[in-house]
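We just call them A, B, C, D and E in the order they show up, numbering each chain from 1.
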Amino acid sequence: MKIGVADTTFARVDMFKYVKRALADLGSTDQIVRYTVPGIKDLPVACKKLLDEGCDIVIALGMPGGKRIDKTCAHEASQGLIQLQLITGKHIIEVFVHEDEAKDERELLEIAKDRAYKHAVNAYWLIHDRKMLERYAGKGRRQGKPDVGGLD
Amino acid sequence: MKIGVADTTFARVDMFKYVKRALADLGSTDQIVRYTVPGIKDLPVACKKLLDEGCDIVIALGMPGGKRIDKTCAHEASQGLIQLQLITGKHIIEVFVHEDEAKDERELLEIAKDRAYKHAVNAYWLIHDRKMLERYAGKGRRQGKPDVGGLD
Amino acid sequence: MKIGVADTTFARVDMFKYVKRALADLGSTDQIVRYTVPGIKDLPVACKKLLDEGCDIVIALGMPGGKRIDKTCAHEASQGLIQLQLITGKHIIEVFVHEDEAKDERELLEIAKDRAYKHAVNAYWLIHDRKMLERYAGKGRRQGKPDVGGLD
Amino acid sequence: MKIGVADTTFARVDMFKYVKRALADLGSTDQIVRYTVPGIKDLPVACKKLLDEGCDIVIALGMPGGKRIDKTCAHEASQGLIQLQLITGKHIIEVFVHEDEAKDERELLEIAKDRAYKHAVNAYWLIHDRKMLERYAGKGRRQGKPDVGGLD
Amino acid sequence: MKIGVADTTFARVDMFKYVKRALADLGSTDQIVRYTVPGIKDLPVACKKLLDEGCDIVIALGMPGGKRIDKTCAHEASQGLIQLQLITGKHIIEVFVHEDEAKDERELLEIAKDRAYKHAVNAYWLIHDRKMLERYAGKGRRQGKPDVGGLD
């Protein structure tokens, strides 16, 4: 299979590294194609290009800032990613880390690492064996933070 | 008929159980196809896949958190689900339970159960006999909470 | 002509009655096709089904609640209705009554009646003689409330 | 050329008059086609109909109220107008005057007149000689208010 | 290659100059096609026209005001630009400078210059050698402001 990874020069963490690590840990032999664009709003078309080039899934890595305008940008990008999935019928796993999720840069880095790693695992299973995620349905799984668990 | 159910590992309640129970209570012999994805924003493409695989309707189960970013994610997912319905001409019954709808986890669980159950009933009638809902038009029906009734 | 009416079980007023009354008062002999769905977000696809079944126009009746989440639902539904109109080139007259528009249930009922009635008249003229509305252009016409009039 | 004008009965100013005056002042011999609809959310499909009937450009005249719900309606209409432009590849010049832009009704009327007039001029040049606007690029031009000028 | 530049008469800085300067500094021999429209909401269709005329990429220059309505306009334009990129599969580099980003007009001018210049460079590399941006992935690059750097 062919896994696309779209990322940005705006982000403050090179999350691609953690995607690669996760795939390596899973023993993945999938081809990885990377496409770096300036900012989060450039991700939808980057993902489209990756899907057009034959990727079976794309992981979209972005780090919006903490200001209101950054929230709007992330929202616009997310809408585009969802639209693109509806056009192509392929998953795009969005890995967005918002600067104001963390109390300091150290925590921000940890969130970014964890989220990128765990979502790369999710992406892997979605294309290789989508039934794998079913066992965790309703279990309060989190990426970037610890799982919160299920209520029933 | 074929009923798709898309759900998430992010959710804290396995609402699929209550969908199955409702359909069983109705004596449904419809085929159920389940697809579990990581989070609420992955639901639109999951629903698309289910519809592409021949489902006549899809029930989309999600549990957005109580923070502002979670509200935005739910909004993006909802927009995608509506767009997809316009593309396919098929119903997707959205069953979203927001964490801040309840005062505690126990109530949250009750809302989730009730909403999933009742909307599964709605979905059943929409594909088997859409005129069934007409008798309740304007009657203030609620899912997850008690009905509020009509004003006229 | 064929007029579709989509409405919901969530609404607290059976606005369909006032649509029918308006059309009767106009001496309409148009066929009316009704489709009732659970909630406001199910209206876009319901309208699509009605248009696909040959309706020349659809009246979409909804009553969103007064909470923030209800406003978001109404917004999502409205976006879907506009998209659908752009796809089909046919009018969908949105008749949404927000619970917080009125100070009490009695006023809410009056708004719902008036808005449904007047918009049914608008819908009638849009399909039978669209030039009829031109005489009121810029005249501050309202549905659900009294007209406010023009400024020039 | 053929210029469409879509307007509403909700608006409190008959802005169509100022569009006609502007085109007359320019010596335009373009055909004008008018379409009046109830409210601002009906404008996107009205513009689609006008474009489908052969208009080369459409001017969309609307006057949203000052309440939050009115802002949402205007936003939904604007999104529809942009989508329609992307589908058709033709300009739709949006002339929206918000009730809360002015301190009183007199000022509101002045804004509406000025904006409708100036945007009709813009529309005229966009279809007759699009290079005409280039000389004003970055010059802080305003419609409905005086120009603010460029900074460099 | 052919680079489109769409800009507005609403903007208070003629950012096109800085785009041209950046491309000249890079030794670009690409053809530049410019299209000036009234405001930011006219940019999506302007970009569509430029892409339809054969541009390989478009730079969209806009300067929304600082009021809430301006933010909404910018948001609507951005959504349109993203949709258009998904339709065409081509990049549109959005260069929007918000009036309230700067404490005074002088700083606003500096932001506009810097952002237009740097994004023209980004656009150049995206069409000539997209791998060029990869080396800056996750490095906290900014346009209009100094880079903030990476965290890992």
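Observations on the structure shown:
The rule we apply is simple: a residue touches a chain if its C-beta (ideal position, glycine included) is under 8 Å from a C-beta of that chain, and two chains touch if they have at least 3 such contacts.
None of the values given here were measured: they were computed from a predicted structure.
Judged by shared residue numbers over all numbers used at their interface, chain C and chain D contact each other through mostly different positions, with under half in common.
Mean C-alpha position of chain B lies 25 Å from that of chain C. Distance between chain C and chain E, defined via averaged C-alpha coordinates, is recorded as 41 Å.
Each of residues 79, 83 in chain C touches at least two other chains. If you draw each protein chain as a dot and join the dots that touch, you get one closed loop, with every dot joined to exactly two others.
Within the complex formed with chain E, the chain A residues making contact are 7-17, 34-38, 41-42, 44-45, 48-49, 52, 63, 69, 72-73, 76-77, 79-80, 83-84, 87, 105, 108-109, 112. Those residues of chain B whose C-beta lies close enough to touch chain C in the complex are 71, 75, 78-79, 81-83, 85-86, 89-94, 98, 119, 122, 126, 130, 133-134, 136-143, 148-152.
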